[in-house]
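Here the structure is laid out as structure tokens; the discussion comes afterwards.
Think of it as A, B, C, D, E and F in the order they're written, each chain with its own count starting at 1.
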Amino acid sequence: MDEPDRTLPDGYEDQLGHGALTFADRPLLTGTADLDRWQPDVAIVGAPLDINTTNKPGARFGPRALRAEADHPGAYHLDLRIEVFDHLEVVDYGDAMCPHGQSEVGLANIRQRVLEVASRGIVPVVIGGDHSITWPSVEAVAEAHGWGSIGVVHFDAHADTADRIDGNAASHGTPMRRLIESGAVLGRNFVQVGLRGYWPPAHVFDWMQEQGMRWHLMQEVWERGAPAVMADAVAEAMEGCDALYLSVDIDVLDPGFAPGTGTPEPGGMAPADLLRAVRKLALETNLVGMDIVEVSPPYDHAQQTVNNAHRVVMEFLAGLAVRRRDG
Amino acid sequence: MDEPDRTLPDGYEDQLGHGALTFADRPLLTGTADLDRWQPDVAIVGAPLDINTTNKPGARFGPRALRAEADHPGAYHLDLRIEVFDHLEVVDYGDAMCPHGQSEVGLANIRQRVLEVASRGIVPVVIGGDHSITWPSVEAVAEAHGWGSIGVVHFDAHADTADRIDGNAASHGTPMRRLIESGAVLGRNFVQVGLRGYWPPAHVFDWMQEQGMRWHLMQEVWERGAPAVMADAVAEAMEGCDALYLSVDIDVLDPGFAPGTGTPEPGGMAPADLLRAVRKLALETNLVGMDIVEVSPPYDHAQQTVNNAHRVVMEFLAGLAVRRRDG
Amino acid sequence: MDEPDRTLPDGYEDQLGHGALTFADRPLLTGTADLDRWQPDVAIVGAPLDINTTNKPGARFGPRALRAEADHPGAYHLDLRIEVFDHLEVVDYGDAMCPHGQSEVGLANIRQRVLEVASRGIVPVVIGGDHSITWPSVEAVAEAHGWGSIGVVHFDAHADTADRIDGNAASHGTPMRRLIESGAVLGRNFVQVGLRGYWPPAHVFDWMQEQGMRWHLMQEVWERGAPAVMADAVAEAMEGCDALYLSVDIDVLDPGFAPGTGTPEPGGMAPADLLRAVRKLALETNLVGMDIVEVSPPYDHAQQTVNNAHRVVMEFLAGLAVRRRDG
Amino acid sequence: MDEPDRTLPDGYEDQLGHGALTFADRPLLTGTADLDRWQPDVAIVGAPLDINTTNKPGARFGPRALRAEADHPGAYHLDLRIEVFDHLEVVDYGDAMCPHGQSEVGLANIRQRVLEVASRGIVPVVIGGDHSITWPSVEAVAEAHGWGSIGVVHFDAHADTADRIDGNAASHGTPMRRLIESGAVLGRNFVQVGLRGYWPPAHVFDWMQEQGMRWHLMQEVWERGAPAVMADAVAEAMEGCDALYLSVDIDVLDPGFAPGTGTPEPGGMAPADLLRAVRKLALETNLVGMDIVEVSPPYDHAQQTVNNAHRVVMEFLAGLAVRRRDG
Amino acid sequence: MDEPDRTLPDGYEDQLGHGALTFADRPLLTGTADLDRWQPDVAIVGAPLDINTTNKPGARFGPRALRAEADHPGAYHLDLRIEVFDHLEVVDYGDAMCPHGQSEVGLANIRQRVLEVASRGIVPVVIGGDHSITWPSVEAVAEAHGWGSIGVVHFDAHADTADRIDGNAASHGTPMRRLIESGAVLGRNFVQVGLRGYWPPAHVFDWMQEQGMRWHLMQEVWERGAPAVMADAVAEAMEGCDALYLSVDIDVLDPGFAPGTGTPEPGGMAPADLLRAVRKLALETNLVGMDIVEVSPPYDHAQQTVNNAHRVVMEFLAGLAVRRRDG
Amino acid sequence: MDEPDRTLPDGYEDQLGHGALTFADRPLLTGTADLDRWQPDVAIVGAPLDINTTNKPGARFGPRALRAEADHPGAYHLDLRIEVFDHLEVVDYGDAMCPHGQSEVGLANIRQRVLEVASRGIVPVVIGGDHSITWPSVEAVAEAHGWGSIGVVHFDAHADTADRIDGNAASHGTPMRRLIESGAVLGRNFVQVGLRGYWPPAHVFDWMQEQGMRWHLMQEVWERGAPAVMADAVAEAMEGCDALYLSVDIDVLDPGFAPGTGTPEPGGMAPADLLRAVRKLALETNLVGMDIVEVSPPYDHAQQTVNNAHRVVMEFLAGLAVRRRDG
């Protein structure tokens, strides 16, 4: 393989975070040739689709807010003591096109753009958008890594395993069902954390159990603490598959911390716990893709939600950086 | 025809505006038998669909906000000196079902519910939702009153006459094209007021001219004043058709007055002018239906936009009441 | 007793959550005859009175917001594994009339409407309003169940046991004193949880001790954890009375979770703890009424506070449903 | 009369606008002896009472917001070319005490504090609070200047001349009736500007006409322009009385400019017109008192409403300053 | 001169408005070599400096908000009937670096970056930042076009001609004084529109008159209307100089339309008037540079202010486009 | 020493919290002679400087918001059972003047005003402002108590020990470095709690270690709990110095609780923990000064952040009161 060529236009670097508003001030690449030339470890992909949300919309502006509005903290991870971008080459690969009012076109474009990344051995970090975007995103990663060979760890207040909602098979409440039905992910390799509240109904949990899915209710986190639950979740996720995809619905956090989301459910996780849960996964497992979804900026305040989403991605990147550094 | 039966459940009337949150505190009817029994003059229909919006979503919550959040002012119109509901029987006929992520189902249900109203000789007032809901709403009214026989007066910052946007034929930027293509409304019976800004492009205006459509740019309102423009618009609208449908996109107002909308465009009308324009139409023409669209509560503040939308409907109702009273 | 008659008008059921904005999308009943016909287990009563608040007003809009703005989550309780409304018949009984600026009239009307419910053996769930509404609400329940025979469990940052504040005997800071003075509730049957901050002054606590009241400061929750404190509180509450009333001032939560309240006090409970505290009470004790107060929507953001209040009621209902199911 | 003594504590002047948050950074006086010593021309009196509002509360925080949150612009009036405070001695005389939940006590205290000012020949500027505070404020001024001898010019979307609302005789919708009933102001000396919308009902206007009251609907302002209407209003107000009281309900402005108010009504005045209307009155008539009411900070944004209220007072002060300077 | 080379990286064009968040979705150029290669007509320059504001800060986020948050309307100017970017080549040239807390460094960098643009015959459009950025921006343009040879048309509520404020010679209230003192602009070539309120004091206006400056108070706009005033202003501005710089402080608009600014002053212009004033200047005079300043996103709501600022620039660009097209 | 003279002007006491908006409704003193006369234990000093913030500004309004907007809770500390102001004489000593755009002048004035307090043996409580104000504040206290003789306990998400940021030596990210460089505080007497996120970089931590500084990452708080960490921190802080200064950056709290701050970092402390940490310090150590910084009201909501800051000061005062009472 050729050496990567990572030259930037004159003056461009100074504009990152100023005239160039990109995720974490990383360079923007726009075409596959760029990916081939640059050879990044990780590529951010925006998936600004929110028409499959059942309640409050706005997640279409998630990618824009994470690029332009998140409060940037630097990149030296205080707990892991690593300069993240010294050890991990991350680029912003722009958005998949999600034309308004047309779910299928958007989902197909997301799948295509994530595949452009994953098929090159680059780790995609997909920024939603509502949770329906996980369907094409995981399928693209599964296509690159082996259909049925990857596991999923899924943080969410909701299981998102309904069959159809209001007749919609691509709802943000159904993607996990689609992934298991298609065989992209095996039920036994699917682990959920943070479920709570009043949905889905019992028969959906029955179906989940039939698939061998495993889940950890927020009740369990409340009783045992996040570290104990995460120890189990990591162990479960690594049984029978050697690569994982991480899907984080920001509504797994309590709405006190993350008001900017479409289907908030009181009684959720604290950011300190979620960030360390993601960190643990990134340090201890082989993550080959992730998404962060359901950030709805119109309902956010002072970037509370946007910043949590940004730091979730940073923990993911920091963990990957440690693994790259330490081989 | 039988006498109307307008009895309410015991205690219900006291709950209007309290436990019963309906448009203008009018009784909620829910089925066609109710309509037949009650025989109202006007029925409110909610159309909570916003997936065809190109920019900021949220108009799905327009009906809910107009029912539950608008600041109610009483019902004696100070300028027209009429107790509106003494002379016009208005009911709230609930929502058309608009399942998430599925434009076609929602649009069909809107058409059906508006038709239930209009086919009974009841005037529908449709509360959007984004502007795509005008397509089924006008078609239902045209079906009831005669295909191609009604005119439309359309207040908007945007012409909404594109062919397709991003491939979407049911976009909130295309309904007026659909109505003319289908023959539901003849181009010459279509009058627009308030257009401004940077959209649509020139070729769309060419098409509009070919159809015989007429429009009054905001520039003309700025130069001549709203009363002069409205005098022309009313005259134009009444040429060649004896019944009109009124479609008001709340973004015709300047965003200073109506921030809660999806595609705000600076430089718009003032509420004092818009309210009197609607009043003039309601007093001087034969309005057989109306809609108020693009109210997006997540972007509203202190009910500024919701209240303007509410008062637009009240002017419509007040004008109808005067006409009923005065025969 | 006759069989209940729970028929709804044609099309009404479809409109729940759409044209009909009621608590938890339950049917709206408006008169006592309706209650007798329907024979519900629980009836919601709005108490939109906020003129007895010492600081930020707005709680008058609590009932409206809980009906129209709360994000609805479904009704299958994930931890208790029960479809709540399959086992518990809940209706919305509208508002007690609270005419502006007149505390006494509103309080009397609240008492009357709660009594209409409680005297029929229906459990009232009262939605405030400020905390002054607990005075008439508990008295009505006590009147129905036996004066001095019920206990109260009271979650709040504040004891609300002052004699008068600024000369106001019906202040939101005085209802608990009124209840004990009138004998509606005996001091020893009154248990408070979550008190913190800088109010009331020492002599009020002296009076409370003289009455045999018991309280658990937030300091104790911080030291021992909510489960340990709740175990004690439940035991205390059940000493000497076989029926309990639950009063939840939403300001018992930390303002980070519940900003929309009139007298916020930093350092409060987390929603995960409060919800389980209410659940425990509902599962383990005989609750015959409850209120949720001090939700001030003008100070809320993205329904953070409204949703917490809504879920507090849902926990109450879920616990009752389990008890009904399990006999 | 003795010379005024206007010495301030050491360092106090530097703290105006900093540690000392007063209206327009004027010195705070707190007792009648202070008034006698200082001998100001004008004294600001806060009237933080809002329990008589029918709709959105919050005006209790009007005085606080006008002191602490208004954006201060300097004091050289560009159009009138006068340094306002060089020619007019203005002090902040603090608040009348308005204990919560007790309308009568608050209204009596307002009357008392305004009387302390007006009886000394000092012009009171009263900052509400809801419009019910005008009842005691005008009565105090009438008591000082001669019962029935002063006129009132009243800017408002609402006539506020109902008899009772919901049984409340001291409602914010009734003060003008009380003033005429008591004879404090004669009906023919009462002029209203800006009325619009749907309230009060016809019979109230009949009563107003019987009293000889005069009003200018917003419709007239829209047709003739504010300057023409104000010319008439000034002429009318000066017929038959040589001293005027000005009452400005901020909701006379369109809610686009003044969202922070309790009963917003679309279609109101623009600030540029209102400010000049007040200016004209202050320059051309003998104003002996004023109030600015219905500023509700919880519904304000970026001080939009607070600043308009502040500038209304500044115009009043500037006009008085010109009259003092020019004798 | 060589032909311009305007090739973009593969896929970049699709990302404009998506992964690439630039002003009006124009390409981002970052170095002078890029400018030389591309040869644009106009270059946007961000000037994110706000430490010279006397009141509310936040204008540092003006460039970011105009790039990432403005609602984009398309580019066909409805009144002028021109596709703006078909006739005018516009690029985004990123930000001048404005390190925090250091006014002088930021101002120097702004001057340098504007000079890079203007010295190449490219028209700079500078996005503030507070109004202090006009000092270096105009000086750079004057340096390119001839010291003392350009005029300035300045829309603002404030004259910004103080000598020093609080000892600060580079305050946002002093730039116009600096420009005249340095001779960059002659007093007689300086025309101001929209001044109102209570600042600056009389002696500053005396100084302005001595310099031959001309200004049009908002009072004059109120009396004569914006078109009449603009006719005079354009005539005045073109006396004695053949090139103009346009400086627009967004606070010239009424705060009802533009709440997001640091020193709001009620009673300002309407957007419809301001946009046409800018249009007239752009069509009828030789504009060689412009800035738009004092947009403070933390105080904005629903992009009200940001969109007005964006459209002000669009009018400027549209006028230039017409002049280029028509030669 | 003379007896203190604590007489207030007539009527002034009634106006505290009403016409007089001061910290915790304490009397405002404005000059050193006042301090000498009154002889308070503690004096509040506002330090409204925010131009050294790297990200979101607004902290200049911290003092104003803490005086005028905080929700006042009374003064009887429920956990400590003490009426704070019965045992501790606290006054508001107004603001240090911080003229806009001029860091050095503001910092010098802060130092001067704090010295006026501390040099009299009065404990200063300084309300920022951004964290750069800690530099002059601690130096003034050190000057009064002995250069190098006091320790600092510092709660923050950030170490604030950079050398320069963007060339700024007085940045809000550098004050702790300045204090150690100048010898005002010895490195070994500097203890930090709550650090997290991605800043400062490794070499800054190396420098901190060289100075003997000690810090407790948020990671440690997460693992061990706040009480255990605070036990260590108190022990460390009291090694080798007998007087401490407490500096609290409100961003040590999680942004869910404190959104109104300039550089929010997810994953922070809960208010319940922070308040008890401050309480422990105030009870167990000899605190001779404190500051609370980085409260940025434009980004706050419903006083969430302001109230936390207010209660942090109250805990400090309560602890001091206990120590005074108990000798």
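In this text, contacts are C-beta pairs under 8 Å (C-beta built on N, C-alpha and C of every residue); 3 or more make two chains touch, one makes a residue touch a chain.
Chain labels with UniProt names: A, B, C, D, E, F = Agmatinase.
All of these numbers come straight from a predicted model, not from anything done at the bench.
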Checklist outcome for this item: Check: interface with higher C-beta contact count, C-D vs C-F, is C-F
Next on the checklist: Sharing more than half its contact pairs with A-E, counted by residue number, which one of E-F, D-F or A-F qualifies?
Outcome noted: D-F
Item to check | Centre distance in Å when chain B and chain C are each reduced to the mean of their C-alpha atoms | outcome: 40
Checklist outcome for this item: Whole-angstrom distance, CA centroid of chain C to CA centroid of chain E, is 56
Checklist entry - Touching two or more other chains, which residues of chain B qualify? => result 56, 254, 256-257, 299, 301
Item to check | Sites on chain C touched by chain A in the complex | outcome: 71, 73-79, 81, 83-84, 254, 256-258, 270-272, 275-276, 301-304, 307-308, 311, 314
Next on the checklist: Applying the document's contact rule, which stretches of chain D touch chain F when the two form their complex?
Outcome noted: 9-12, 14-15, 18-22, 28, 30-34, 46, 48, 63-64, 67-69, 92-95, 97
Item to check | Contact footprint of chain D on chain E as seen in their complex | outcome: 55-56, 195-202, 217-219, 222, 254-257, 259-260, 263-268, 299-301
Item to check | Residue ranges of chain C in contact with chain D within the complex | outcome: 50-54, 56-58, 60, 99-103, 105, 132, 165-168, 170-171, 298-299
